[in-house]
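Chains here go by letter, A, B and C, matching the order in which they are written, and residues are numbered from 1 within each.
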Amino acid sequence: MTLDDAERIVEALVLASPKPLTSARAADVLDIDPNLVERLFERLESRYEGRGITLRRIAGGVQFTTHPDYAEWIDRLGRQVINTPLSPAALETLAIIAYEQPVTRGDIEKIRGVRSDSAVNSLLERELTAEAGRKEGPGRPILYRTTDQFLVHFGLNSLDELPQREAEQNPLDS
Amino acid sequence: MTLDDAERIVEALVLASPKPLTSARAADVLDIDPNLVERLFERLESRYEGRGITLRRIAGGVQFTTHPDYAEWIDRLGRQVINTPLSPAALETLAIIAYEQPVTRGDIEKIRGVRSDSAVNSLLERELTAEAGRKEGPGRPILYRTTDQFLVHFGLNSLDELPQREAEQNPLDS
Amino acid sequence: MDYQIHIDVFDGPFDLLLDLIDRQEVDIWDIPIAAIAEQFLQYIRSLQERDLVVSGDFLVMASTLLQIKARMLLPARASDDEENLEEDPRDELVERLLEYRFFRTVSDHLAEREEGAARFFPPLPAKETAIRPPVYSNPVGDVSPATLRRLYETAKAAFLDNEQRTSDTIQRVVSLAECAVNIRQVIAERGECRFIDLLLQRTRPYIIASFLVVLEMIRHGEIIAVQHKDFGDIFVSSPAKGDRDHDLGRRRAHC
């Protein structure tokens, strides 16, 4: 592997990393010396000098961000209003969170019988749902709750105003 | 604003856009001709040639992604796999929706010869399919179509890139 | 010809049918329908012998094949009108098969594309770049809190149902004799009740078993069953009680 190869791999890793990429992490993936990774970071930094994208040092690692000079252009893009209504899957997920909160992704998936990652994500994105700490126990999974935004959209003053759920009946009791 | 300036702004916009950036959208933000944006896309494309990052044409727009040559390295990064492959049943159902859209569940089942509820549900869940209104007629069944996420998931720029459908003739008829 | 079928898992009847045709290496426009129908039935039988569930779709296809076979045995009707050519009874099936085969080709193509596309990694949207999150205009549209409740109740009910169904797989086979004992006891105690109330467990095997027992008991005149409207509840009672309580003219369950 040449230095150029390594630089390109690091470039790809930075873009794909879910968190700012530390030199330790990159060194681990590439199985090279962390100091060498630092040198590669520097090379990338100068490569992106004067571009619309910049390599930013943050939280002990690096990530690509847009150059601050172009912030106002990004603002214009950011004002994009998205009109797509929630998918039926997301709406069902929201209903479950509303009545079962605080609730974990696993619990939601158990009730719905399907993976609910994208449904939960789209609720988080639209700020109808937020994290509410972690559940004690194995894996300490994240708990979810509804937000103030949720109340606003449904015209509710508080969660108490949600329609009462039917008393759960044991079908064998009837 | 020079062409170089415009290129850098577009570069920043592509990175910042939550969805693939179309030339129409970029032209709107920059208040320039969409054809000029196309030229800027091409300039960026060649600028990133041979790098770890690539400008990918997808779903009628462009986005930055890692170069496919480095996929194995990204895998090592342990990024959460979001795109688990679809089941054969889901793929078959999706193929039918792609060509017959807008199409009802009943039509899909007629072609496949089997119940397709769970296949359709998993496609809705992953936002590869969305509802597209209701069909006039008895029961007013829900119609389904493919989404932009469908194009992204399969690396398609548009539906035209799918294989052509040829009518097969009965040789005994001629 | 003796034909050995492997117990492959087929996605549906068309899947199986195409496989049989491919193995025979015959022209899709000239399917030897008698042979194919026989192999199709053999496959279903082999499933049944292994106590595997045969979905209704396969049974429908089997009957279609037999129907076509029967129609092909009939002598072609002499037509007065020369232009009115007798249609080949296989045509409709072949057209559906070809359509299905096309989509199967496409789904193979999609699977390949999926694999290729999975090698491109876009940055994750959650990452803290200069990205401004988009504004969503009223994401809930005209959905009311009441709708929300309905969605929740439906999901929850399906879940409870499902949970019981999953536990079936590890339970033993339901005994018809036990069902009969239970049903006689409930009828004796209560005189009349809904079919659904006869169920000790709301699991699919138990429901089917109870239904079979009810049919058998009706045949023997032990009980009668009445359904007042389509898809409505089925009321089961002892004959004496039933005659008193139900007007004549109400729909009787036929069996």
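Basically, a contact is a pair of C-beta atoms (placed from the backbone, for glycine too) under 8 Å apart; a residue touches a chain by one contact, two chains touch by 3 or more.
Because the structure is predicted, anything quoted here is derived from the model rather than measured.
The chain occupying the central position, as judged from C-alpha centroids, is B. A centroid comparison over C-alpha atoms places A as the chain most distant from chain C. Chain B and chain C have centres, each the mean of its CA atoms, that are 32 Å apart.
Look at where the CA atoms of chain A average out and do the same for chain B: the two points lie 21 Å apart.
Centre to centre, using the average C-alpha position, chain A and chain C are separated by 39 Å. Touching two or more other chains at once are residues 12, 15-16, 18, 64-66, 74, 77-78, 80 of chain A. Shared interface positions of chain C, i.e. residues touching 2 or more other chains, are given as 121, 123-125, 129-134. Considering their complex, residues 121, 123-141, 143-146, 148-149, 151-153, 155-156, 158-160, 162, 197, 200-202 of chain C touch chain A.
Taken together, the chain B residues at the contact with chain A in this complex read 7-13, 15-17, 25, 29-30, 50-53, 64-67, 70, 73-74, 76-77, 79-80, 82, 121-122, 124-127, 130-131. Chain B meets chain C in the complex at residues 12, 15-18, 54, 56, 63-66, 68, 71, 74, 79, 83, 85-86, 88-89, 91-92, 94-96, 98-99, 111-115, 152-156, 162-163, 165, 168, 170-172. Listing the residues of chain C that touch chain B in their complex gives 11-15, 29-30, 55, 57, 61, 88, 91, 94, 96, 98-100, 102-107, 109-111, 113-125, 129-134.
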